[in-house]
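Have a look at the structure that comes next, please.
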Amino acid sequence: MHTDASMFKVRGLELSLPDFANKQPFGRAPMVDILKGLDFDIETGSVLGIVGGSGSGKSTLGRTLVRLLEPTAGSIVFEGSDIGHLDETGLRPLRRRLQMIFQDPMSSLNPRRRVGAIIADPLRIHDLDRIDERVDEALDHVGLPRAFRARYPHELSGGQRQRVGIARAIAMRPDFILADEIVSGLDVSSQAQVLNLLENLVRELGLTLAFISHDLSVIRRLCSQVLVLNRGTIVEYAPVEQIFDAPKSEYTRELLDAIPLPDPDQPGW
Amino acid sequence: MTAFLEIENLSAAIKGTPDRLLRSVSLHVNSGEVCGLVGESGAGKSMIGKAVLGILPSAVEIVEGQVRLDGEDLLAMPQRERRRLIGATAALIPQDPLTALNPSRRIGPQITDRLVDILGWTKHDARTRAAELLDEVHIENPQRVLASYPHELSGGMRQRVLIASAFAANPKLVIADEPTTALDVTVQKQILRLIREMQERHGTAMLFVTHDLGVVSKICQRLVVLFAGMVVEKAGVSDFYANPAHAYSKALLSATPKFTEPFTSLTPVDQTVISAVSEQVEAADREWRHAH
Amino acid sequence: MRDGRGTIKRKAGLKLWLSGGWLAVVAVLTLFAGWISPHDPLTQDLFASRLPPFWAAGAEPGYLLGTDSLGRDVLSRIIYGGRVALTVAIIAGLATAIVGSVLGLIAGYYRGWADAVISRLVDIWMAFPPVLFAILLIAVLGTGLWSIVIAIIVIDWTRFCRVVRAETMNQSQMDYVASAVVAGHVRSAILWREIGPNVLPTIVALLSLEMGIAVIVEAILSFVNLSISTDAPTWGGMIAEGRISIHQAWWVLVCPLIVLFLTVLAFSQFGEGLKDRFDPVLR
């Protein structure tokens, strides 16, 4: 039985993908290493921030955690069992427990289905009861009127769409949610709303959350632990205060210094 | 200092509809100065830049107002002359460095084409200038970059190429349309510094369109805040950040994330602020309709 | 929000109504050919041969589009010819769409060996010149309605397969597919329930285009006398006969040609219009 405080134990995680850009006319595409041997734990009830520049592998790491991708090597131990190489059948019971919120709510919500159906659909697959009630509850949780069930995604604003994405994830009452750059496409005003909402949900529902972002300001507000990735390796993994107040790695410091604060006198610029 | 770009009372609407997308916008940009144009999506900030450069989508028409470039009223000019004047004095740094470069052509001709075809330079001069420019934007080995295709360069490099290309013909006015939005923070910092450096060296007037109040504070001397196509505040940068005048500006500023003050930043824009500024917009619309 | 969508919708609507209207007229005429057509399409009347259409001098009332060199009524022959054309269009179009789209969906979604096999097959298939391929097939299968239908399916499934495969691959990259995986859908369910409806507009547009192509293929085959039995009227057959007497009776050639042209155009425009209408987002 699982007794540890860690929900995830990741060891030696590697992932390579074929690089079609450099493929020779005949023969296989060469492989590029995206993740180069990562070791870390995610504690139950913690909010983990994953940061890094483009090409750092942060999105790939996230998608591997919820097993949208299969790692090339290494293990992902979730609640005591290795899920790194389970097949589709083996993963099905886990799908309810591992949920994801996507960066672009427009493309992650099927444009041909209504909000109600979008939220209810995963519930149906897992044969949950009281589906109508759960959908209403989820909409309440994210602060959308219940009447929105009848709307199509393109009839909503960006912030509202992202709330639907969140509602779909929390309706399942998952153990773990991966949020992949979920505010980077939003205006600052709705960005703040979505972040506040997420903060409340984490507290109310006791979620364990991994929050991928390129924006350290957002990470500081929300996360308890931060994992800094650069070119597929972990540069720093520490509590959030340490990352911001006493960063150990040069790369983390560089990231922090590069954030443009709304202040004309920010030092270093 | 003289105002190189002057926009006066500019209104634009979708053809055949009474609703305005730009609502009597007035602003000016002086030579040697960077003016920020800030607003959320749909505020019409990119549209102002497009109106100046004459590249508005065909469904949008200017219904009123003046755009003066170096004292000459662009909208009163014949189309041909206007294009020539814009081509000779203004340039654009676009948002997306990937789609702004033709993927099937080498970098070199993409920079020199405009110099040769529109400004009548010789090929040789244009090529020399292109190499100089790449050197100026701190690209090592300019000759190699001139001979490469866009996909062989990183996002930051592509944006450097576009900046070089924008400054190629010594423009008097550069419009930068969210030039760093698609970039990583570390690259963004380098690119912002580069834009500032180029602008200062060439003494260019620059209209810097962005949604990010953090970025504005790094590069602009003045800024204009836009809501629903209407100017809600014009201010100098240091005044603005110390004490924004309009309630909407204030709300926007406190919604902007600051990692140094995580718990005081990120206040969502209050609905009462939005409805108050929306009312202002409606009042302006009523007044405008009354006058027409 | 007010934007450019209104105008596009209206244009799409006009396209849809015009093309749909023409197709409806053709469908009604051919469906009720027995009641509507003024004459029997096969009855010859050598005393009334090469009568000009109604607006020209020397026209006879009752022969709206004139008669051919054997005195057969051109309008009636066009109407009966439309029967063959529409039957081929509908049956061959649908069957081609189903075969090609299913293979395209499978190749585009499952990739791997299924994709390798199907894509290779498409490549090989497309190396054959289609018209020659069709004639060869008819030579093997014999003439007749069903041979034409089979020939069209065999030749044209690749058109659907290629486009649907590309669109499926495109849609598979979308995050709504990833979110369906996260939700716990099985792969086959994702293909039919999530990707299918999003590829459907493309299939419908292609289907309409394909129906137009089927009409042309049938016309070509009957032009070279490889369609159904030679005495039954077909548009291609009429064009072939009209060609011989073009200097004496141009209307025998031109009338079926115009009808053929309008019908094929209507099919392609109808497909475009449907695609726009089908799309909730109007990309």
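First chain written, first letter: the chains are A, B and C, and each begins at residue 1.
Assume a residue touches a chain if its C-beta (ideal position, glycine included) is under 8 Å from a C-beta of that chain, and two chains touch if they have at least 3 such contacts.
Listed by chain with UniProt protein names: A = ATP-binding cassette domain-containing protein; B = ABC transporter ATP-binding protein; C = ABC transporter permease.
It should be emphasised that the depicted structure is a prediction, and the values quoted were computed from it without experimental measurement.
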Interface with the most contact pairs, given as the two chains involved: A-B
Distance-maximising chain from chain B - centres being C-alpha averages: C
Inter-centroid spacing, chain B versus chain A (mean Cα positions, whole Å): 33
Whole-Å separation of chain centres (CA-atom averages), chain B against chain C: 50
Chain A to chain C touching residues, read off their complex: 63, 66, 68, 88, 92, 95-96, 98-100, 102-104, 107-112, 121-122, 125-126, 152, 154, 165, 168, 172
Of all residues in chain B, those that touch chain A in their complex: 40-41, 151, 155, 184-189, 192-193, 211-218, 237-238, 241, 251-253, 255-260, 262-263, 265-269
For the chain C and chain A complex, residues of the former touching the latter: 174-176, 178-187, 194, 197-198, 280-281
Residues of chain A touching chain B in the complex: 21, 53-54, 158, 187-193, 195-196, 214-221, 244, 254-264, 266, 269
